[in-house]
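Input: structures, listed below.
Look for chain A in each of the two complexes below; its partner is chain B in the first and chain C in the second.
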Partner chain A sequence: MAAQGSSIDAMSQFELHPVFGHLGASLGFAQSNLFMIVAALLTLGLLWVGMSPRAMVPGRLQSAAEMAYEAVMSMCVDTIGPEGRGFFPFVFTLFFFILFGNLLGVWPYDFTFTSHIVVTLALTLVVFFLSTGVGLYYHGGHFFSYFVPQGVPALLLPLLVPIEVLSYLSRIISLSVRLFANMMAGHVMLEVFGAFVVMLAGAGIIFWIPSALSEAVLIALIGFEILVATLQAYVFAILTCIYLHDAVHLH
Partner chain B sequence: MSDDPGEDEGPSFEERLKAARSRQGLDAPPKSPGSMPGDVGMSPWGIGLRVGVELVSALVVAVAIGYGLSLLFGARPIFIAVFVLLGGAAGVLNVWRMFAPGNDKWMQKRTGRGNRDGGGAGIKH
Partner chain C sequence: MDLASAKEIGAGLAVIALSGVGVGIGYIFAALVNSVARNPASRDRVFGLAILGFALTEAVALYALVIAFIILFV
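And then the complex of A and B:
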C-alpha cells in the first residue's frame, strides 16, 4: 500500500473509504466516522468500566478514570478559575475525543481522524464560538473591550483594534492547524520510513542494514508519535481553557 | 475523591509533609527548568512550529478577509495590501503574547500543575 512500485505513496493513507458496504456508501459513512465513534465509545468505556467497581482503594482502570477526571478538572480550575467547573464536561469531552483519536491512529490499521483539517477545524470552530458566546454572556457588549488594548493613545486605536481582532480570529487557524499538521506530518513520516523498510529489504541483501536502520527509526518514531498524540491533545485542551479564561475574565 | 471527611485538615498536613520532605531532601528542587517530562513541547522544533503556526495563521485570516473585501468592493486589491500588513502585525502580536515575560499562561499553568501533582503523589505514598 505504501510502496507501490518504486514510488512512496504517503498520502493515500488519509483517503476516506466508506465502511459497512452499501449502507455505509449510501450514508457517506467513512472509516473516519467509524473511528470517531470508536474514540467516543473508548472514552465512555474507560469511565463506565473503570468506575463500575466504585472501590475505596481503586484498581488500575479505576485509577486511570479517576486520574483522567482529576487531571482535566484541575486543568479547568487552574486555568479558567472557579468558573472552570462549569466548563469541565466540555473540556473533558474535547480532550478525550482528541486524545483517543490521536492514539488510535498510532494503532495499525486504524485511521487518525484528527489528521483531517475538516475535523480539527470543526472542533476549533466549536471552541471559538463557545468562547465568544461565553464572553458575550458574561460581559454583554462590554466583551468588545477585549479588543481595545489598555493604556494606548486613542489615536492608535484605529490601527490596533483591527490587529487585535485579527489576532483573535487567527485562533481558529492556529488551533486547528497545529493539531492537524502535527498528526498529518507524523503519519507521513511513519509511512515514509515504513516504505523505506520494505523497499530496501526487497532491493537486495546489501540493503538489509539500511533497512534495519530505517526500522529502528520507525520504532523511535512510533514512540514519538504516542508522545505527540498525548501532547497535542493536552495542548488543544489547555488552549481551549485559556480561551475560555479570556472570555470569562477579559484580559 | 473529594468527599474525604478529613479534608479540612488537608492543607496543614500537606504543608507539614512538604516541610518534612524538604527537610529530608526528598523533594526535587522546585522549578528546575527543563526537567519536566511535559517539556518536550518546548524543544526548538516545538517552539519553531508554534511560532510559525501563530505567524502564518494571522496572515491567513488577514488575507482571507482582505480578499473577501476586495471582491466585495470591486477587484481592486487595496484591501489585501492593507490586511497583509495588519495580519503580519497580528502574527507578531500572537508571538509576543506567547513569549512576553510574565504573560506566558501556558508555562505558568504547567509549572503550577507539576508542583501540585508532585504534592499529590507524595500524599498517596
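And then the complex of A and C:
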C-alpha cells in the first residue's frame, strides 16, 4: 500500500488496471477511461439536464448552466474577438471536460485521468493543430509572417525566426506538462501526507500529535487541490483562447 | 558514489529552481496589491490577470518538479 516498512510508495496510484472484469480486460478499459466517460457525461448533463426546465426565472441548476455558458462565452469573445463565437462549443467542452476530470480526482477512490501525460498531450495536440489549422485557414501562406515580429532589423532575422518557431512549437510541451504536472504533483502530495498520517499513527501513542497535524495539513491540501484543479482547467481554456486569438489575428 | 545517492542529490539540485519561481509569484501579487491600491475599481479586471499569471509561473515550478521526478525515478 502507500506505506510499506519505511518507504512511501507515491507513484503506484497512477497505474492503470482494467475495470469491469473480463469485458474491461479485453477492451483495455481502465479507470482512466471510466472517469473520462463520467466527466463527459457530467459535461453533457450540465447543459442538457440543467437547461431542460427552460424556466424564465431559473432554478439552481439552470442558473448554474447559464452562468457556465455566460462565463465561457465572455471568455471566448473577450479574448478572441467576434470570431470567438464559433470556437465557443470547443472551448466550453474542453474547459468542463478538464474541470470535471480534475475535480473527480479529488474525490476518494476516484482517478484523475488528467494526471497522465498522454491524456493532456492528446488534448494539447488537438488545441495546437486546431489553432495552426485556423491560422492557415484564415491567412493562408501569410500565416508564417506570425514568426517575423514587426520592427526587427533584417540582420537579426536568421536568429529570431528559429527562436520564434521553437517557442511556438514548445506551446505543445508547456500546455500539456502544466496540467499534467499540477495534477500529478497534487496527488503525490496527497498520497505522501496520507502515508504520514497512517505511518505516524501506527508508530505509537506519542506520535498521535504529529499524525493529527499531518491530517490537518492533508485537509488543507485537499482544499488546495480543489483550487488548483479549477485554476488549471481555467488556465488551459484561457490559453486555448489566447492561441486561437493569435491564429485569427496574427499578433 | 552509487547511482541511488547521485539520483537523490540530482533531485535536490533540480528544485533549487523553485527559488526563482517564489520570487516571481511574490512579484505578481505585489503588483496586484499595488495596482488595486492605486485604483480599487480595477480589482475585478486585474484579479483575473493575476490568477492567470500565477498559474503560468506555477507551471515553471512544476516543470522543475517534473525534472526532479525524472532524475529520481527514471
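Just so it is clear, the second predicted complex is superposed on the first by the 251 of 251 C-alpha atoms of A that agree within 3 Å, B and C clash if a C-alpha of one lies under 4 Å from a C-alpha of the other, contacts with A are read in each partner's own complex, and residues count from 1 in each chain.
Heads up, the rule we're going with is that a residue touches a chain if its C-beta (ideal position, glycine included) is under 8 Å from a C-beta of that chain, and two chains touch if they have at least 3 such contacts.
Note that the coordinates shown come from a computational prediction; the quantities given were computed from them, not determined experimentally.
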Partner chain(s) touched by A:V235 [first = chain B, second = chain C, both, neither]: both
Contacts of A:V177 with chain B and chain C, given as first, second, both or neither: both
First (chain B), second (chain C), both or neither touched by A:M11: second
Contact residues common to both interfaces of chain A (with chain B and with chain C): 174, 177-178, 181-182, 231, 234-235, 238
Chain A-touching residues of chain C, taken from the complex the two chains share: 51-52, 54-56, 58-59, 62-63, 65-66, 73
Touching residues (chain side chain A, partner chain B) in the complex: 66, 69-70, 74-75, 78-79, 162-164, 166-167, 169-174, 177-178, 181-182, 227, 231, 234-235, 238-239, 242, 245
Chain A-facing residues of chain B, complex: 1, 38, 40-41, 49-50, 53-54, 56-58, 60-62, 65, 83, 86-87, 89-91, 93-94, 97, 105-106, 109, 112-113, 116
Parts of chain A lying in touch with chain C, wherever the complex brings them together: 11, 174, 177-178, 180-182, 185, 231-232, 234-235, 238
